[in-house]
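Two complexes come next, and they have one chain in common, subunit A, joined by subunit B in the first and subunit C in the second.
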Partner chain A sequence: MIITMAHGSGGAFTSELIDEIFVKEFDNETVKELEDCAVIQGSTRIAMTTDSFVVKPIEYPGGDIGRLCICGTVNDLLMRGAKPKYITCGFIIEEGADSETLKKIVHSMAETAKEAGVIIVAGDTKVIDGNGGIMINTAGVGFVKEGLDIKSTNLQVGDQVLLSGNLGDHHATILASRMNITNSIKSDNAPLNDLVSNLLKENVTIHTMRDVTRGGLATVLTEISRSSNLDIKLEENKIPVSSAVHDFCGLLGLDPLYMGNEGKCIVVLPKEETEKALEIIRKSNYGENAVVIGEVKEKAEDKACVYIETEIGGKRILDVLQGEGLPRIC
Partner chain B sequence: MHTLYSLNVTGLVQGVGFRPYVEELGNKLNLKGSVSNIGGQVLIKIFDDKKGLDILKENLSKLCKNNTVLPGSRVDNILISTETSNENPPRNFFINNSLNIHDNIRFIPVDYATCDKCKSELLDKNNRRYRYPFISCVACGPRITIINELPYDRENTSMKDFPMCEACETEYKTFENIRHYAQTIACHDCGPILKFYAKKRNEINGLVEDYKLEREDAFSKAVKEIKAGKVLAVKDIGGYHFVCDAKNVKAIRKMRQVKAREKKAFAVMFPDVKTIKKIAYVSEKEAELLESNARPIVLVRKREEIGSDTDSFGYNLSEEIDDNAIRLGAMLPSNPLQILLMQEFDCLIMTSGNLAGEPIIARDKDIFDLVKNGQIDGSLYNEREIINPLDDSIVKVTKLDNREITQIIRRARGYVPDPIKINKFLKNDYYAAGADLKSVFALARKNYVTLSGHFGDLDDYEARRAKDRARKIFTKLLDLKPESFIADRHPGYYSNKDTKILANEAGTKALEIQHHHAHQASVMAEHSLSECIGIVLDGTGYGNDGNIWGGEFLYCKDTDFKRLGHFDYLELIGADNATVDIDKSAMVAMIQAINAKLVDEELLINHPCFKKYINSASLDLLKAALKEHINSYKSSSVGRLFDIAAVIMNICQKNSYEGEAPMKLEALATRYFERIENLNPAIIPVIVKEINGEILVDSKGFMSDLFKLYIAGARVDELAFEFHNSLAKALVSVAIAMRDKTNCSDIALSGGCFNNSLLLKLLVTRLEKEDFKVYLNEKVPCGDGGIALGQIYLGN
Partner chain C sequence: MIITMAHGSGGAFTSELIDEIFVKEFDNETVKELEDCAVIQGSTRIAMTTDSFVVKPIEYPGGDIGRLCICGTVNDLLMRGAKPKYITCGFIIEEGADSETLKKIVHSMAETAKEAGVIIVAGDTKVIDGNGGIMINTAGVGFVKEGLDIKSTNLQVGDQVLLSGNLGDHHATILASRMNITNSIKSDNAPLNDLVSNLLKENVTIHTMRDVTRGGLATVLTEISRSSNLDIKLEENKIPVSSAVHDFCGLLGLDPLYMGNEGKCIVVLPKEETEKALEIIRKSNYGENAVVIGEVKEKAEDKACVYIETEIGGKRILDVLQGEGLPRIC
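Our next item is the complex of A and B:
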């Protein structure tokens, strides 16, 4: 079935779409009520976030926009130490989309939600002019334990920076798909519940966590360095990149430090917690390649910054991502 | 009542023995009055004696550049005011204690190489400063590198840690002594001491411990170590050098490890010009530069005749040193320690003491750290602090048909901070940030522009720190308060962001200048032009259309410019990596040539550099990336064309250091050119066309023709030469087209590509034949080290 403007009219076609695709997949009591809003159990401290997903192509090796829109929101909640609970989703579907594709995506959302332990409690659909694209907005609610406050201003000199795995896979996957190139690279899109909940369960002191998405590691760390007003030192030879991604980036001149990921996070914590945390992360789902990549330092000059010690001993300063692909070398 | 004449003297009048000279003169003329430093100027007061005043003034006016009366000094202007005063005249003429008042323009003296008088004292057994490695006088020694504050008095320099002994103090106070009022006066008894530091294994307990020596022991140990093939740090005026025996291949290889420098050439120090002549041609002008006060590294043409009658100094000396370049970086000793060292060696590698990509090391502690962790074998140093680090300067002489010009490649020790005068009065104080690579900033007031030394790539942490520090201290020394700020337009430049912040703090907005506009303006600033056409060829600059420019034909008038044309855009993939992995860039250019049906894909298989891509996943990936514009940009850079041409001719596949491929291309072409009798007509038909009013050079066609000639079996050196020759010819058509549009025959050439002496010569010769008046950079680098001057010239 091809989706038309009629599917967005609010009438019978819309009901068909909702019943056939969404309710079927998001199988839970709250969503089945089909009321104007969902009424759910609460907590004293809740975390909330929202994110829109417009990735093209919508299906790619290792995942699709459905999996991505759950992971993105769930991971954002997790990074503040919240336990993700509920998700809402808004679909913006361009005329001409194939309902089979939509079905696959919704199925993938449901599967990922299950994996991430969240319930999709409400949703919305709109159909607009266009070329068959699908865009999704998700919002998420999570519960935060009393006394837990994970944020970048907690940073202390001497803290270690842990990275949960290889960089660049998602970004490289999307670029390869856009170029119609087939290779062995797969997206890393994944919910990081296991990793985070294991750390919290074992009472590891965490100063800050961030998921390393758009803008890449360099951008995320620069933001943290600025808000904490401390330097962060990285070591080039410790940054993990798979050899397939390394070769791909080498040829295209891409820097994995600036590439987006969808299932990677950094954890910054006191030095004495490092070994324990590393062990826990490595045993958790999606954390097997975790490594220590750097350290928090007293800022040496007026402005705090992130720098990477290169293999030949230089110190290259990293900054947030600046418009892609412009050379500076003369 | 008395008549009081006040003379305000500007120019290089501090740190050159100017006050003692005036004092002596004043007393000879029996004047009543005083001389004093005020900020960066000198104030002379004379009571009543108009005739004496005139004689004094006449004498001072003779202190022009390169005068022999008071070497190093230069009087630019004398402003005289007259008043009646009821002050009582002094009984004689004396040096008044320095006054510090804010005034107009300050001049900070450059560092001076050891003068002949000091050199002969240094080597005179009977002199009390015999072999004293820090001997200096009013006419020589460090200046800017040790100055913390003006006026230039001992307590404002790092010499303040070394109080004068009685003997020195007597000399300091004695008229006609060469150290009368010499702020750097010192001797064995009171001045800095030569020290040696290394690590040594204790024979008994096997522990590694500190090993320290002083004075002659330190010196002879260092000599012994260098002779044994060790790599040492040796402290110079402006920073450390890393030093090793230039004839010891193993030592040179070790040096390459220390600096993580695979192939790039090292500079070599020789005792005198005579020795350099054994392995290189040294023209009169080059000798003059080598022996000039700045003692820069001069890139001299190496002798290459095989089996020449040279002794141990065969051509073999160089290959490990300079990656088979056509020119060798040669220099002479500029300080007393180097003079003493060069009594023991006839050549030493004398390279900037820095680690890959970082600024020169000037702090003793940083060198100790390198010794401690075994990166270098020892340090020969002293404890006089270097306040303003400066590298050695680098220059070369390019012979044009009718004249020789000096091209400055790195403007640093010996030139900085001598200001450059422009014919334009700035409305307030300016700061211009320059570019991000070979970063040099400028500070300016009225019509004087002071440029800093080079800081390297501002992506480097230490480089950024060094630049920040230097900006602060230069601003203080020059007593400026910048109210106008200028930066390059490149949104990815640190200097762009940083300057915007500085401007914001000063309550204003930074002016952004297009990179190549600034290049051309640097020539205009040097030659006081207000209007000219220009050809700017370089590597990378951010263009006003968001593309990367670097082969630009500009018409500049006052502070505006119009882009009359450019080299046709090529699409390149991969930001900075496209400038390093040049075989990829060449492959990408070839794909575009294939797509444009200029080259048959089948032919690529016959080419040694493209073979590895053909029928591989890499080629598919590059093709797809071009089609989808993944991490790609459009570029009119001629620097990249040099890279691509070098790959096409299989001369070089990777720029392991900046400019490697273009320099190798130039070397091959030059060797060929020197052998041929007449200039060939250019054989590659580089097409210059006009589309929508824009003058465009067909880059794709140029590269395709080159490729086809190479595949057809052309001689590589001839082809390398023809690349230059055809390029020059095409540029003449461009210049003529520009003249037709503007009626302007004044043409400026700038941009890093004009460091290429062959291209410059071929182009200038042709342009002058066509009656163009050609202007070039001679005071600042044509590369990015000159950008800041151009930026300032475009201020207001």
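Our next item is the complex of A and C:
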């Protein structure tokens, strides 16, 4: 079935889409109520976040926009130490989209939500003119334990910076798809619940966590460094990149430090927690390649920054991503 | 400034947009933290909802997409008896949009959020190819008192159906704007906090509330009638429509029963509560034209329905909106 403007009317055709696709896949009591708004159990301290997903193509090696839109929002909740609980989804569908494609995407959302332990509690569908594209916004709510305060202003001198795995896979996948290049690279899109909940369960002290998405590692670390007003020294040769992505980057002149990922995070914590944390992360789902990549340092210049020491003892200061990166990467 | 793909990169240009427009307008402690996810005070029972807004044109008499995207989500929360608290916003901006327009829209969001008593706690910005359009998703969280259970399966025979004001204004405004017709009609986009909180404060028993948006009154009431498996008898001559909208509909052959509104709701409640509720709503903001428009009846046929008695004693059964209505009305 081809999706038309009528499916965005709020009338009979919208109901058909809701009944036939969304309710069937997001099979839970709240969605079945068909209210415009869910009423659900809360908690005295909550986390809340949102992201829109406009990735092109919507299906790619290793995932699709359905998996991505759950992972992205779940990971943002996790990075504040929250237990992800509820997701809302807003579909903006371009006229001409195939309902079979939509079904696949929605199925992928449902599967990923199960993996990430979240319930999809409310949704909305709009149809706009266009060429059959699908965009999805997700917002998420999670519960945060009293006393837990993980944020980017928490860095302390001597803290170690851990990276949960290889850089660049998602970015390289999307770019290769657009260029019709076939290779072995797959997107890393994944929910990081296991990794974070294992760290919290074992009472590891965490100062900051951040998923390494748009803008890449250099951008994310620079933002954190500025928030805490401390420098971060990176060990460039420690930063893990798969050989396939390494070769792909060499070919196209890309820098993995600025490439987007969708299942990687950095964890910044006191030096004495490092070994324990590394061991936990490496045993967790999607954390097997975790390594220490840097350390928090006193600010050396006027402005806090992230830097790499070059082999001859110079300093290469990294900055946030300039320019446009890869449009519609997520 | 013209917005380009670089503003969606997650790097320096995105930061500029966030600092210069969003943080300035959404001036609160949570937004200033610049985290990807907000950690905020919760409650043991919460309501959660989402809507995307793709209205065209984005500015129209009486409002704009900024006002609309706050009202729509706030009203969905209110309809379940929740006190609206937090809003997230996901911007999808088409390349070529003017940052001055974006500023106006964001200012309008900030003003409406103030009026509606909600805080904008998190956001996201994506830039896509296109022609300078702006789309916004909002998700909302509200707090719900224990024991309060307002939902569409609650109807009881004899319940009265109240409508908070005139029908058709938003739909007529958008259509007139697209047709370049100048008239006195303005959108009704408004947050209904005052009306709902006054009803709850006075302990009025409410069975169901629903804002009358896409699909119009006929669609919304049919959905409720089916959920409760009871008929609703409407008094057609009681349904309020302004003379300007009445004339506009006559000219174009539109039916106000199927026209979208953005600041109107129906309240269904026990007969003995009607007079008290009417008085409260009429004294509340945006409720001055409230009237009783119908009554809940035993189901007469196999399928529950909404109907109007014709002058000669026949029955006109209403259904949900068929076809596409007015695309991109909200």
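Observations
Heads up, the rule we're going with is that the second predicted complex is superposed on the first by the 318 of 330 C-alpha atoms of A that agree within 3 Å, B and C clash if a C-alpha of one lies under 4 Å from a C-alpha of the other, contacts with A are read in each partner's own complex, and residues count from 1 in each chain.
The rule we apply is simple: a contact is a pair of C-beta atoms (placed from the backbone, for glycine too) under 8 Å apart; a residue touches a chain by one contact, two chains touch by 3 or more.
Just so it is clear, the model here is predicted, and its values are computed rather than measured.
In the superposition on chain A, A:Gln322 contacts both subunit B and subunit C.
Of the two partner chains placed by superposition, only subunit B is touched by A:Gly253; subunit C is not.
In the superposition on chain A, contact is made by A:Thr213 with subunit C only, not with subunit B. Using the contact criterion defined above for the overlaid structures, shared-chain residue A:Val245 touches neither subunit B nor subunit C, since it reaches no partner. Of the two partner chains, subunit C is the only one touched by A:Thr4; subunit B is not.
In the superposition on chain A, A:Ile281 makes contact with neither subunit B nor subunit C.
When the two complexes are overlaid on their common chain A, residue A:Ala290 makes contact with neither subunit B nor subunit C. When the shared chain is aligned, subunit B comes close enough to touch A:Ile181, but subunit C does not. Of the two partner chains placed by superposition, only subunit C is touched by A:Asp36; subunit B is not. Common to the subunit B and subunit C interfaces on subunit A are residues 319, 322-325, 327-328. Interface of subunit C with subunit A (complex): residues 4-6, 8-15, 33-54, 76-77, 79-80, 82, 86, 88-92, 121-124, 126-129, 135, 137, 139, 141, 143-144, 149, 151-153, 210-211, 213-215, 219, 223, 227, 260, 319-325, 327-328. If you check the complex, the residues on subunit B that touch subunit A are 260, 355-358, 435-438, 459-462, 464-465, 468, 490-494, 538-542, 548, 572-581, 584, 617-618, 620-622, 624-625, 627-628, 630-633, 635, 639, 658, 752, 783-784. By the touch criterion stated above, subunit A contacts subunit B in their complex at residues 175, 178-181, 183, 248, 250-255, 300-302, 305, 307, 312-317, 319, 322-330.
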